[in-house]
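One chain, chain A, appears in both complexes that follow, with chain B as partner in the first and chain C in the second.
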Partner chain A sequence: MKINKNKNGTKLTFEIAGRVDTSTAPQLESAIKEEISGVKELVFDMDKVEYISSAGLRVLLSSQKTMNNQGTMKLINVNDEIMEIFEVTGFTDILTIE
Partner chain B sequence: MAEINNSLVLDAATDNLQQVMSFIEDCLKDRDISPKTEMHINMSVEEIFVNIAHYAYTEKTGKATINVSVTDDPAAITIIFKDSGIPYDPLAKKDPDVTLSAKERKIGGLGIYLVKKMMDEVVYKYENGQNVLIIKKHL
Partner chain C sequence: MKEKKKNKFKISVVVKSVSGIVMLLTLFSLVVGAIGYNGFTEALLEQYSNDAFNTANTAVTCIDTNRMDAYAGSKGKTEEYLDAWNKMETLCNTEGVTFIYVIRPDLTDYAHITFLFSTINNNSGYDSYEFGYVRDTTNDEYREKYRKLYEGKSDKEIVIRDKGYIETDPHITAMIPIKDSTGKTTAILCVQRQMETLVNVRNTYLHKIIFVLIITAILVIIIQSIYLHLVLLKPLRRITKETSRFAKENVLPEKKLQEKVKNNDEIGFLASSVDRMEEKIVTYVNDLTKITAEKERISTELSLATKIQASMLPSIFPPFPDRTEFDIFASMDPAKEVGGDFYDFLLIDDDHLCLVMADVSGKGVPAALFMMATKIILANYAKMGKKPSEILSAANTAICSKNREDMFVTVWLGILEISTGKLTAANAGHEFPVLKQGDKFELYKDKHGFVLGGMDGMRYKEYEIMLKPGSKLFLYTDGVPEATNSEKQLFGTERMLAALNEQPDSHPEQILKNVRKSVDEFVKEAEQFDDLTMLCLEYIGKNGK
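And now, the complex of A and B:
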């Protein structure tokens, strides 16, 4: 997994590439924790995400919980395979996916 | 196409996840399966192996055995996970409520639920002192 972050004022964008699984999800979690303070708009660009497991879902849910208290969060460029995982787990109802 | 019946025995530790995933990939390398099916299989294998690594053995790491058979008629993959850890039926756990809001949702508990949804069959039994979890998916 590779993460590119882009901070512009209070907007923070993470471009994630590769596999978000049990081994890599903790890296994503720490990257978010480091930067999330003061962020009003959090964006995950999922264009290059090949795979996500429940470990990755946990990180997204926990970020959503944080952002519910301080601003907005959205996911962009979600592919069909990952969208299906979001549908099955009800994440399409709790996340903003564009 | 040649049918496959391969086994892998290794320490039940999350550090070995990559090895498990490569093993599964190798078993399926001659099959033309959709990215969606591949993701369902990979995801289920990861959830189950990580579960065993986290919960089966309390003090020292034990072994996990993974047997993969791929058949032509019907075109299917069957994966059997075995460990000699604490008897634990992951299917007995209540499914998470996937209709709750983000605020009400608990972090976690989605792994086995996803396995149940992604696989065509999921069976647990405790046999000869081992947890045996069998998952099957049509290809």
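And now, the complex of A and C:
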């Protein structure tokens, strides 16, 4: 997994590529934790994500909960495979996907 | 055995060191010996040749140099000849030379010489040649020198044979030309002197050198051996002794090596290094022992946890042997010792069977703890007679209230009315169930709610399916479709459905076996990455089989 982050004022964008699973999710989690304070708009570019496991979903859920208190969070460029995972797990109900 | 090896080692150190010194010593002696040898030889040879030429010059006075042809024609019998011969012989004896002789070589190629005079020292043990005796020139060196003397290119020549020839003793031959009054060379006078003294002196010198060399070598061997023993071997043996003791006992010595080996050189440094190494090893071994004990404790606890977790799931099949209306088989294979997947089934009452398939986010111990809590919460709410959607909502609230780690669990939960085959189910973010209503297993794309534990206040939709006798329901966790082979390919729902439809009419146990086999063949040697949990229900109906 590769993470590319881009902070522009209070807007924070993460471009994620590869597999987000048990072994790589902690890396994403700590990257988010480092930057999230003061962020008003959090964006995940999911274009190059190949797979996301429950550990990855947990990170998204955690971020969503944080952002519920301080701003907005959205996912962009979600491909079909990842969308299927979001649908199956019901994450489509709680995430803002564009 | 060990002792022997050690001794061998000790000797070789001394031998190497001493033989080096002895070799240097020998080289030195050879150089000094060679210089001395040459010096001796040169000095003595000069002395000898001077003496020989003096004798030769005196010998010439014994004969009348203008009468050489007369001597040659005398056949050795004229008074004049005998007079000269006698004078020469006397000279030979008084001068202590071996031979004095006068020769005429043949002037064409100097290959033969003819003796005119030949006198010999009485003590030499040789015989003189008769007058007119002809013999071959001894060698090319003589021949060349004769030629030079005859052709006037030189007025004295010397031949040295000091290398110990077999046929003659070491000797020197001084040659001067005999010239008549016109200055023409008419014969050659030779004086031969033995050189025993030279050779003897030289040999004595060599013997002395060798003797001194041997004595020095022995002294060097003894002194160097003792020195090495004290400076090198003794402390080294102490160190070896200490290291082998340490290897055997693995505890620090009573007295440090540094205190025993007080060399202020590399050996002393080695001793202190050994001390430090032993201390570090002891610390390391202690740490390692602690860690290993800790690891063993954890692994014991984990294997106990595996058993506890397994025993939490219904694992005796058939679980309800007196119920003929349905058949169930289920299995769970955690990727680690304990897992976050679980299945469950329980009879709420005589007519209602509750089925659960769930997957906790993450793996290992945290997931297992979360799984235990979820299982109990779900079973409790189910036993209270709630509907599936109510059970999930209530469980979600219960889990959310104490979930600081944002863990969640996907759950499929269904309640089967055994008498009618009516299955009421709700899905909290779990995989689609697979149904076989006719000939084939097919994915049943049910409505999904959000996972349990994610957000408080979630509502779940419920749906109903009427199972006909012979219908089958297959539940699983994502470990099945997401089993990954070494090429990072996923097993996928297509392969899973194919495995299910291999023998769709067989017993639930066989169906699970088929899926498992298909997964194993797909992933091959790749490590099992996720928990693998499956459950298959066969609805038989009131009338049994």
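In this section, the second predicted complex is superposed on the first by the 98 of 98 C-alpha atoms of A that agree within 3 Å, B and C clash if a C-alpha of one lies under 4 Å from a C-alpha of the other, contacts with A are read in each partner's own complex, and residues count from 1 in each chain.
We adopt the following convention: a residue touches a chain if its C-beta (ideal position, glycine included) is under 8 Å from a C-beta of that chain, and two chains touch if they have at least 3 such contacts.
Model, not experiment: these values are computed from the prediction.
Visitor: Please name the chain, chain B or chain C, that touches the greater number of residues in chain A.
Guide: Of the two chains, more chain A residues are contacted by B.
Visitor: After superposition on the shared chain, which partner residues are touched by A:80: those of chain B (first), chain C (second), both, or neither?
Guide: A:80 contacts chain B only, not chain C.
Visitor: Taking the superposition on A as described, I'd like to know which of chain B and chain C A:31 touches: first, second, both or neither.
Guide: neither
Visitor: Applying the touch criterion given at the start, work out whether A:17 contacts chain B, chain C, both or neither, answering first, second, both or neither.
Guide: neither
Visitor: Taking the superposition as given, does A:58 touch the first partner, chain B, the second, chain C, both, or neither?
Guide: both
Visitor: Thinking of the overlay built on chain A, is A:3 touched by chain B (first), by chain C (second), by both, or by neither?
Guide: A:3: touches no partner chain.
Visitor: Quick check on the output: what are the common chain A residues between the chain B footprint and the chain C footprint?
Guide: 21-22, 51, 53-55, 57-58, 61-62, 65, 88-90, 93-94
Visitor: Inside the complex, what are the residues of chain C that reach chain A?
Guide: Residue list for chain C touching chain A: 359-363, 406-408, 410, 428-432, 448-451, 454-455, 458, 478, 482, 490, 529-530.
Visitor: Mind pulling up the chain B residues that touch chain A in the complex?
Guide: Interface residues on the chain B side: 14, 17-18, 35-36, 39, 42-43, 46-47, 50, 98-103, 105, 107-108, 110-111, 113-114, 117-118.
Visitor: Please give the residue numbers of chain A that touch chain B in the complex, ascending.
Guide: Against chain B, the touching part of chain A is residues 21-23, 51, 53-55, 57-58, 61-62, 64-65, 68, 80-81, 84-85, 88-90, 93-95.
Visitor: Where on chain A is chain C touching in the complex?
Guide: 21-22, 51, 53-55, 57-58, 61-62, 65, 87-91, 93-94
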